[in-house]
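What follows is chain A paired twice: with chain B in the first complex and chain C in the second.
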Partner chain A sequence: MYRRTVMQLAAAAVALAAGAGMALAQDTIRLGAAAPQTGPLAGGATVTHWPAVRLWVHQTNEAGGLQVGDRRMTIELVEYDDQTNPQQAIQAAQRLATQDQVDFMVAPYSTGMNLAAAPIFAQLGYPMITGTAVTDQQPALAQQFPNMFFVLGRTSVMAEDTANVLVGMRDRGEIGNRVALVNVADAFGIEMAGISRGVLESNGFEIVYESSYPLGTQDLAPVIDGAKAAHPDAFIAWSYPGDTFALTDQAIVQNFAPQVFFTAVATAFPGYAARFGDQIEGVMGMGGVNADDPAFQAFAQAHMEFAGQAPDYWASAATYATLEILGQAIEATGSIDRATVLAYLQDRSHEYETILGPVNFNENNDNERYWTVGQWQDGVFRGVAARGRDGAVAAELFDGWN
Partner chain B sequence: MSGTDWRNLAISAALLGLAALLPVYGSPYWLTMGTTMAMFVVLATSWALFSGPTHYISLATAAFFGIGTFVTGLGFQSLPFWVLPPLAAIIGAGLAALVGLVTLRLSGVYFVIFTLGLAEMVRQVVTWVQNQTGHRGMYVLTSITEREIYWMLVGLGALVFLAGWLIGRSRLGFALRIIGNDETVAKHAGIDTALAKVALFMVPGAVAAATGAILAPRYIYIEPATAFAPLLSFQVVIMALLGGTGRLWGPIAGVIPFSLLWEAITRQAPNQTLLLLGIAFLVIVYLLPGGFVGLWDRLRRRFGGHS
Partner chain C sequence: MFILITGLLLGGTYALIALGLNLQYGVARIMNLANGEMLVAGGFAAFWLYTAGQVNPVAALIVIAPVAFVANWLIYRFMLQPLVKRAKSRGALEVDSILATFGMSFAFVGIMTWAFGGGYFNYAFLAQPLEMFGSSYAQNRVVAFVLAVVIGGALWLWLTYSRVGLNLRAVAVNPASASLVGVDVRRASALAFALGGAVTATGGALVSMFFTLDASVGVLFTMKALIIIIMGGVGDIRGTIVAAVILGIAETAVARLIDPGLTLAAAYLLFLLVLLFRPAGLFGKARG
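Entry: the complex of A and B
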């Protein structure tokens, strides 16, 4: 039994070595991707990450590939599951780079996996353009990992903008100043709640209810119960996908309908609209896109046709944009030499045309133009607040779970 | 020390040297693999030091490991890094003593359930504290390289083996073997069984916490959900049992093939890794009750080797 296993292992190892040895006569660019296909974040990755990555590869190859100097090169995608485990994310990045010898790598999914894999990308000189890492540590990270770029934006800005949307509505006399603020008790929720509380309090808002719940809590009835009893004008929840759905569910059950209803991550998911239908008209959430931009609409339609599901209205487009940026840098340099492409990306004067609109990076490798808050309006999740992007629509009052 | 001892010492020293030089002769890929394997060797060997002789299955590895990562996360900016693994070890040992005093009077299955719950409990406590203090996500940005992490793990591994060897020759080790065979007999022989078990339970607690402290710079972003992931506890148990807990080198014999197999499966059939974990459990229970160590001993007996 044992010997047979060893023999099979050895055979597998030989086969792998042979496969890696056939250094492909370069008409293809090998692109490696490791992200969750199992584990706690698999649900989010299959909505946001994988379809966007595969769609870009598909579309690029349909168009004949990338123009690299005088050659056209198609893309070959090598995929691994990182099991939502930082240990595996590190190993997968290392395996892609040194065993599969891919030319470039897609950044992983989620802040945690991106940061775990960052040292491998940096050591081996791979550009790392992240579409799903949200953090406030860009300056420190960019210093440590000069090959790491951030497309999705800053957490603190998103928390500030959410509060600012409320301030704007209050100043226009649309809502009062009573806010219920809840958060998932995890680094993300705690941080976001802290920032938004600061902005709200300094603008004269009254936090009439404040609560948190552990990650993975199934029953959120007490939270909605408590919030409802405080009669707030606005409800803000810094929530993760599971609790975003559960909070919305409970709010409908208890008919808790303040004038602003905000849940954070996954509010922009197509699954959210599929689950609650037109009841969510007026619900606000984190992220957003310019839904009227033809570039985004074309992307959404292609996504639908290719993957059989709509993209989310936030990070799907950012993930796709990371590959557009990489592709444009490769074409502009006419090279698949990583150092050359990285040097091009690090030159701040370059700008990239993406479905998010034009993107460039500042001295912290940070994209300063992104969407921060969105709202479901007429079945579409439209951006209502953004930094440096046009097309934001006015925030509307939430008029109940009709 | 006898001649056999000297021979074993020489072999151990040579193997240790071989392991320590991996960053010199190995590719970056093997360094990454080696770091993961070194982590599991340290965790599984220290786990077997306690669970091997006493037959108590502990699923608390993730709890101690997570505490270690948080010690580094909280302390790396104010303290020199070399202080952190020993500090984590002290905290881990303290918690293990506390937990041991409460639970090691329980018999087998209650102990298993309690240790499984422990990781979840510690995670919730950490989260609660973060929530109360408005604490933010932790970024462990250091200049520590993978190579240095690997060497620290190899050094820790050498300490674990030394400790295991010393315990095996000590009165404590002898007492634990008696407890494992028959606790009633041990009590009647005048052994303070509770004290002996608690004392030894502190070893894996301290080692797992130190391992977590060493690995925190590798993960960079520390959050409770990944630091206390329960999968780690199960992986350690399976690797240790696959190798066998009867001898000090047993867990290594489990960690290396299991890690290679896990890597091969991850490459070939990414969605089947959990299936592998289940099959490994069945294989151990039905085909390899003593792990590879047991198999080795049986083969030696059958083919007339002297032991």
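Entry: the complex of A and C
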């Protein structure tokens, strides 16, 4: 609460200063952000999105702002709650553009909200650098919305890499052929389960248990009981936060401990480690980071000090990186003209230095270097598979809930 | 056996979610759409007491239940009683109370987001296995089930055999006639609403032992509670408990034997069947 008050005071001070200096020249950049503060995705956005966005603004202003041509410009953040409602997200973007007249906007949180807001961002001419949108539609989307960029990666690659980690372990003789595959019954879960099933079956794996459960279910004892009865070597769940916690909880209660235990979203959250402690050693999940990279460690520490909570080991850093990219594009062009900055972003020859490492965009506005699978090892969620990134560690066998 | 016990445990959870709303709707005639938020508030209180003060969530009920009772009494007294006074008929009161509590649910979400942030809340309390008949069950769910039985049983006994309980039942059947025979309808309604809120918050505190909650999740519980009380029959504690247990066992059986994806479908199918063949609910009495 204290932080928000300070932010508001700071924003008010900046606004006053801006008003006073209006006759001379604008010396703040107004940055709009609409993302969930209430609604079904508020929990995830509170972990991943908001602290990273506020931290970047705070750090940039601490450093004196961005160098835009011959001026230093600080950032003023304007926040709206989109209530996890696509309609609200669109209205908020419109309001930010017309009412608040922000210079730039932060992309919303989650794949669905980004897809919902993409047309309005394109229509209003705002660059949209997404940090939490994972989809396979990049080529079509980039065609339709040339202002939309993707940092976090592609769904099919994540599902493939998860299956590939299993294939690698099997080929080294560490695990057998039997896989239990479950998913939350929405677009994300169904797509991911479908892709990983395809890769696993074509590599000779046997799917011994397969099921889906409705969105929002946390009573998952029957799912774990069914999976356990099938005696799999590996358990893969394409799950959302609530069910990720519930599946892990039930697996511990029923002592269901296959050699690979994978849950998807929220496995990389600090709250997962806080809830289960040492028991999750060896649990795999979606995403990952290079936890040994000093850039990530510095980010994690600043995040902790600023927000009082650790970042997650996946999309927090990507969200922060989207703003680093935007800031670098503004500084490089020396302009806060959206069309100029967008043209710079669309020039594929540019590379950006971020806490993820260097990022550039291909012809589909797509970043091709990202983490796909991580694993809890010694209390840290380390990347075990990545595309184009160094620092992946070897995947370890899960040796039970201890 | 696994299905039966898991289903019973789930039924106990459902009963905790729905019992409070049954009192509020059955007696006070307030269709409280902020029921889920009250439940989440109880869960947050338990979370906070557990993480900040290491207070056992079951022991925390000694604080949570009375606080929720007072809070709900105040809500009824100052926000809902004006509606009751103004309402010309039972139908008008239902519409008004639905609108008012729907608005209240947003206010509660806002207050909880402000106070606790929008993140996920959970903690590990009795998250160890308990061996019964060759399978393992979560101890916290067993504890919640036992307390659901105690709370449900106590409520039923109290409503059936005590003087105040008799008053409450009289109001549930017919408020106008009840006041003719000397029942203070306004007091009885306030008591029922406050008690219902306390039971709901208690349920929330118990459910928080094994559910991951966030400030916005309340509406899911409200939906479940509505299905259960309508299935069981409005204003009858036994109906709520029986409906909760039937739903729990049916969902678990479908999940384990057919497909977990069909649990919702099974729940709504049962709901439809009850509505078709017993429109007033399992224990409901047809109103003239």
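In the analysis below, the second predicted complex is superposed on the first by the 377 of 402 C-alpha atoms of A that agree within 3 Å, B and C clash if a C-alpha of one lies under 4 Å from a C-alpha of the other, contacts with A are read in each partner's own complex, and residues count from 1 in each chain.
Keep in mind that, in the parts below, contacts are C-beta pairs under 8 Å (C-beta built on N, C-alpha and C of every residue); 3 or more make two chains touch, one makes a residue touch a chain.
The shown structure was predicted, so the numbers you read here are calculated from the model rather than taken from an experiment.
In the superposition on chain A, contact of A:Gln254 is made with chain C only, not with chain B.
Look at A:Pro241: by the touch rule set out above, it reaches chain C but stays clear of chain B. In the overlay built on the shared chain, the residue A:Gln37 is in contact with chain B and with chain C.
Once the two complexes are overlaid on the shared chain, A:Ser212 sits against chain B and chain C alike. Once chain A of one complex is fitted onto chain A of the other, the partner contacts of A:Thr46 are limited to chain C, with no touch recorded for chain B.
Applying the stated contact rule after C-alpha superposition, one finds that A:Val223 touches chain C and leaves chain B untouched. Touch criterion met: A:Ala185 reaches chain B and chain C at once. In the superposed model, A:Gly65 makes contact with neither chain B nor chain C.
With both structures placed on the common chain, the touch criterion links A:Gly334 to neither chain B nor chain C.
In the superposition on chain A, the residues of chain A touched by chain B in one structure and by chain C in the other are 1, 37-38, 40, 185, 212, 214.
Of all the residues in chain B, the ones that touch chain A in their complex are 27-29, 32-33, 36, 124, 127-128, 130-131, 134-139, 141, 146, 218-221, 223-226, 229, 231, 257, 260-261, 263-264, 266-268, 270-271, 273-274, 283, 287, 292, 295. Looking at the complex, you find that chain A touches chain B at residues 1-2, 5-6, 9, 12-13, 16, 37-38, 40, 79-81, 83, 85-88, 90-92, 94-95, 97-99, 111-112, 115-116, 118-120, 123-124, 135, 137, 140-141, 144, 185-188, 190-191, 194, 212, 214-215.
Contacts from chain A toward chain C in the complex involve residues 1, 36-40, 42-43, 45-47, 84, 182, 185, 211-214, 216-223, 225-226, 241-242, 245-246, 249-250, 252-255, 266, 269, 271, 275-277, 309. By the touch rule above, chain C contacts chain A in their complex via residues 2-3, 6, 9-10, 13, 109-110, 113-114, 117-120, 122-124, 127-129, 135-138, 210-212, 214-217, 220, 251-252, 255-256, 259-261, 263-264.
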